[in-house]
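Listed after this line are the structures, all set down as structure tokens.
Both complexes below contain chain A, partnered by chain B and then by chain C.
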Partner chain A sequence: MQRIDTAVTHGIWDGQLPVRISIDPTDAKTLASGAILHSHYTFMHRCSYLPLVTESVREVFVKSGVAFTGHDADIWYEYRGVPLKWHYPIGLLHDLLTSQYRGSSPLPWHIIIHFTNFPTDKLIRINAANIIDTPHDSFMSMIKEADYIRNGSIKKLMSLSKQDQTNLWQGLSSHDYDKFWNVNARLVTNDNTIPKYIPLRVYLLDQPVIQEPVAPVDDNLDCEYTLRDILGRMLPEIFPPSLDAPTTEGADNTRKSDASEAVAILHGIVIPIETPILWLSQNCSYPDNFLHIVICR
Partner chain B sequence: MAAPLAITPSVPTWHTKILKRLADRDRREREAFADLFTAHNAFRDTLSNLESKLSSLRIEHAQAVKTVAAVKDFGSADSAQRFAELEQQVTSLKEERTELYKTQGQNAQKLLELMEALQKGDGKIASLEEENQTLTTSLASVNTRLRDLQELIREKDHVIQILRDELATHQLELVQREEQLKEKEEKLNKLESENKQLIERWILLKQEQAARMNEANEFVANALKSKATSPPVSRQTSAANVYDDQSPQPVVRTSLPQAAVKKIHSHDSEINCIQISPDGSLLATGSNDKKVILYDAKAGVVKATLSGSLQGIMSLAFNNGSELVMGTSNDNSVKIWNVGTGRLKHTLTGHIGKVYAAKFTDSNCVISGSHDRTIKIWDLAKGFCTSTIFTLSSCNDLTLLNGDGTVIASGHLDNNIRIWDTRSGSLVRELTGIHHGQITSVTMSPTQNILMTTSRDNTLKLIDLSTYQTVGVLSHDQFRPGMNWLKSSYSPDGKHIVSGSADGSVFIWNVMTGRVDKILKEHKSAVCGVVWSPQGGSTVYSAEKDKTVVFWGASA
Partner chain C sequence: MKEEILLLHKPYYPKFHVQVLFKSRLLINCPLTVMTVPTTQSAFDRTCQTFLSHSKKIGDTWRWVTPGAYLAKTVWVVDNSNEETASKDEESALHEPSDPAILSPAKPGITLEFHVIYSTTYACPVLYFCGHTSAGTGLSLEDIRQTVKGHMPDLDEQKRTEYDMPVVSQKDHPILGIPFYFIHPCHTADVTAEMLEACDSDANYFVFWLSLVGQLFSPLRLVEVGYVTSETCCR
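Take a look at the complex of A and B:
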């Protein structure tokens, strides 16, 4: 019954992040024999994944003199000494690693590309045989998990035709909104059934990811939970449940007034805390059907 | 199912906020950098183009500098030319060397290949030799097998020949039987008409008899009137006659013949056989002149000459009543003559080889043995062959082991004696290894338990018929049978055996001692048969090949 809010989904889908990619100085010395290498400036889709842009980025660097003959699976990225997890959406990586800026990080986002010394202790190794298969498998397993959280089974996903399942990934990797959402709409609206739980992960910088079963409605109270309800329950010390201050002011005012408070950031914006969690899940989930919410204190 | 909190018609503030913040975000993150990035990338591309151009120019420059230096180094055009020539020479020498290397390499390669080929050839030769050996051995074995098989084929051919002969015999027999059947039918018709006549005659006779009876009755009535005139003597006489008839046969006594009593030449050709009738009154000889001559056994005169055979007569036999004499002929038939009339009574045809022996049985049958490897049993009442026994070897002689001829013994060309059951036609016993030459005659002893055989191995043997063991061997240095159909005889008392030799001597052995009791010399050629008169005494008859029949007696 609740339709997809296309204004919001389009806004989220088209979100692009300006990125400055520099080569690691050690790699530059060994691979480019000390030649001066300029940084590469480019946009990355917030909903995309790093392995999907690796090929074009590598081409640019090779063209400018990096003697890289290895496999794309050996390439990895780093932000301020933190290796970037390729299985996180790029938007999430940015939001989480710049969460101390509370949504106003310096741009473009400056990350470092590495061609050697893959940190196998910190990152999952990408299968070198097929550079795309591993991210694809990872993405599909996330979608399956989301379906399982919603319905307690993955029947809905598995009943999709092979073509539909392919379209999900192809739509994402070629950034084709219609191809992706034609299939995804069925998943996120859950065929107009209220899901058991919401696929939700809460991220805090330098802390383990929090994932708990989150029901969208309270049967007893017969009311929909808001983001505040959920966060208040999951992180009571950060979002005290007693504190009830719905803001009715504009976005700028909210940011100022919330300066000392914790905020929930999703897709690079602060999500109003009174937003119903069900609507949020249906319209603001990442393509993997999860709400990856970063908390900024 | 439905969430109770539906979106209110007025857009909630959080929704507006989200949209606005997304727009803000895009402005801040995307729009602010879009132009900048485009410009930067354009510059970067240009820069890289320029850099590549620069590097190529640098290379060109370096080459130019090098060329200039080289030109400077070599100075004049002459030296340049000399240099060029030298270079060319070096190049050509290098090429030459390369080629030589190549040739060397090829040669080495070829050498290796040849070595390999040689090894392969050696291996092949070895394997071929091995193969050759196995083939030779297999050829040898095949050859031996071939020889064996050929031998087998020869044997089979022989068997086939025998079987063909038998088949021919059967066919002939069949034809004859058909003919005989026709004859019999005709005879039957004749007999039926005869029977009618006889019955009529019998009725007439009966009537006559009745008339005579009446006459007799009348005579008796008359006689009774003149009763009590003569005493009953005649009855005693008749009783004495009956006693005489039933008295045991007088014991036949024999004594050794001492000299020739009579010599007769009556045949035109070689004599093959001699026989005495069971009653001792008739002597018969058969000859290659196709005739049988009957003599009075006492007077020694020819009584009859029986003809009808188309070839020489090989053996003779009388029936028990001495009214029939049978001759077996080389014309494959058996002839039976009536002694009284001298007329041919039966001609038994069916054998497809010379018939060497035939005997009458008590049951009015004839058993004949032939060189066609069969023994045939003929029923004289019907006049045709009732069964055929296949003996696998030519039969030289046969004798009955009992009166009705149900068991017989036959002597064969293959040195063996065979005992047959003529009712079933089955072989009762085959006596092998007794003689080492053809069996010329087999004779039953008067005691009916010993079979006396004569063989071309120059011995006579006595075989006990209950054990089939040889119980006596009779021989002499000078005794040598002169022909395959030599017939020996027992004396009527069974104490002596008489036979003749190729040199004309007649030998008389004592059965008890096994020694020769007497050698009679009168014949000039090989003796073909000797018979002892069934009436005993010293009357012995012998015949030789050269047409002479000798009557022996106690004295000349």
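Take a look at the complex of A and C:
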């Protein structure tokens, strides 16, 4: 059952996104009157979260003349007018908001940093007392939900020692693969039992997130469902359910052309649609234990 | 451990239900491990329709929202934050006007929006809420609490569930995609599972759950007493 492919998990863990960060022009006027502010170029880990990079990004802008004396919890980011949900992994934000490029968007990803006017109607507030508390709770909430989805309880996660639970977040925030995966492997392999359902969320731009109970195998435990099976059930108009085993090449070609429009993106990669969902969940989930799959049409 | 659960859940039970709960041994037998409530989105939808027909009968203002399929209720709360010592009847703190705009110029107040949305993960209803001023400005939980008489002490962002999650925090509304406060379902899921067994119908279970979670907003009332005194009372 345990099928952790460390080449894959290392690759995902180390995935980075080149990002260009420019200051909002209004903020530049009020906080750095007249100064010419260059964009800041950096790499961000796809599996990380924006509040975890805010401190270092803020330092760069303050050094270059931005008179920001507020709290890091007031800082927020935007891409083409859309405020970036800080509780989404950075890789998911990029994949979702550039989904019209179908996995080959121009890089670096150009986002805007704001130091004022936090949009409380669009973004979840961050507790100013400790900028890490809210993201930490948000992350642990997801990982507990994932455990609940797999097992119908949060028993497995709650049975981890306090230290192990802490190591999950610390491993993520300090980008320490071993610290994180030593604990995470027990969660994603579910102690070698087949999970009841797969922690999976499916995203389409400007539509509510789809989250439904998704079983990894059929009732008789003899057939593993693939990503195609799952998406075919969730979004039959976008992913027409596959026909029975094609008997001729002609039938196969017809099927391919039906589904050729839409692709499923995860970690910036177009995922082969015949991948078994259980393998995908164990190896390609984000650190919050969810598969966050973006559909590009 | 059982004692702890008893204490943790006690504040969330409406007074008129506590006896029933003890009789059905819900509080005492509450298991720590959570089993999935045998219900589905479509069962939830049916339950809501039954609930809504009762709701209309007794003049409660819950409504059904589509697309999205969820229950919603809007309540207008008169701002009591500046009259701590006023000895007004608590009931008058809550109005449900057909048009909030009529009342708002006379007395400052806020609008609270409550949504009940089915969680496919926890297989139970989840209560979401948000508050706005009459000008439409979004309010923080602290702003909301300060406005409501009594300050709703149980609605505390510092409080944690037995699974170490905040009892109340913000989350994206599953359908609207914008931040709403919500009551974390992980601590009510185990109770609702048993409630379902103790209730003679899904609709009763729902009223039961809603009045339970609604206790957090006391003195505001999310469900009118009419549900309980009628034939919908839990057994």
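What we mean here is this: the second predicted complex is superposed on the first by the 276 of 297 C-alpha atoms of A that agree within 3 Å, B and C clash if a C-alpha of one lies under 4 Å from a C-alpha of the other, contacts with A are read in each partner's own complex, and residues count from 1 in each chain.
The rule we apply is simple: contacts are C-beta pairs under 8 Å (C-beta built on N, C-alpha and C of every residue); 3 or more make two chains touch, one makes a residue touch a chain.
The shown structure was predicted, so the numbers you read here are calculated from the model rather than taken from an experiment.
When the shared chain is aligned, chain C comes close enough to touch A:Asp121, but chain B does not.
Applying the stated contact rule after C-alpha superposition, one finds that A:Thr26 touches neither chain B nor chain C. In the superposition on chain A, A:Thr6 makes contact with neither chain B nor chain C. Contacts of A:Gly152 after superposition on the shared chain: chain C is touched, whereas chain B is not.
Once chain A of one complex is fitted onto chain A of the other, the partner contacts of A:His38 are limited to chain B, with no touch recorded for chain C.
In the overlay built on the shared chain, the residue A:Ser56 is in contact with neither chain B nor chain C. Set against each other, chain B and chain C differ in how many residues of chain A they touch, and the higher count belongs to B. By the touch criterion stated above, chain B contacts chain A in their complex at residues 1-5, 7, 13-15, 17-26, 28-30, 32-34, 36-37, 40-41, 44, 47-48.
Against chain A, the residues of chain C that register as touching in their complex are 33-36, 68, 120-122, 138, 140, 163-166, 169-172, 174-179, 184, 186. By the touch criterion given at the top, residues 85, 87, 120-125, 137, 140-141, 144-145, 148-149, 152-155, 158, 208-209, 211-213 of chain A touch chain C in their complex. Residues 1-2, 5, 7-8, 11-12, 14-18, 38, 40-43, 63-64, 104, 107-108, 192-194, 216-217, 222-224, 248, 250-251, 254, 267-272, 274-276, 278-279, 284 of chain A touch chain B in their complex.
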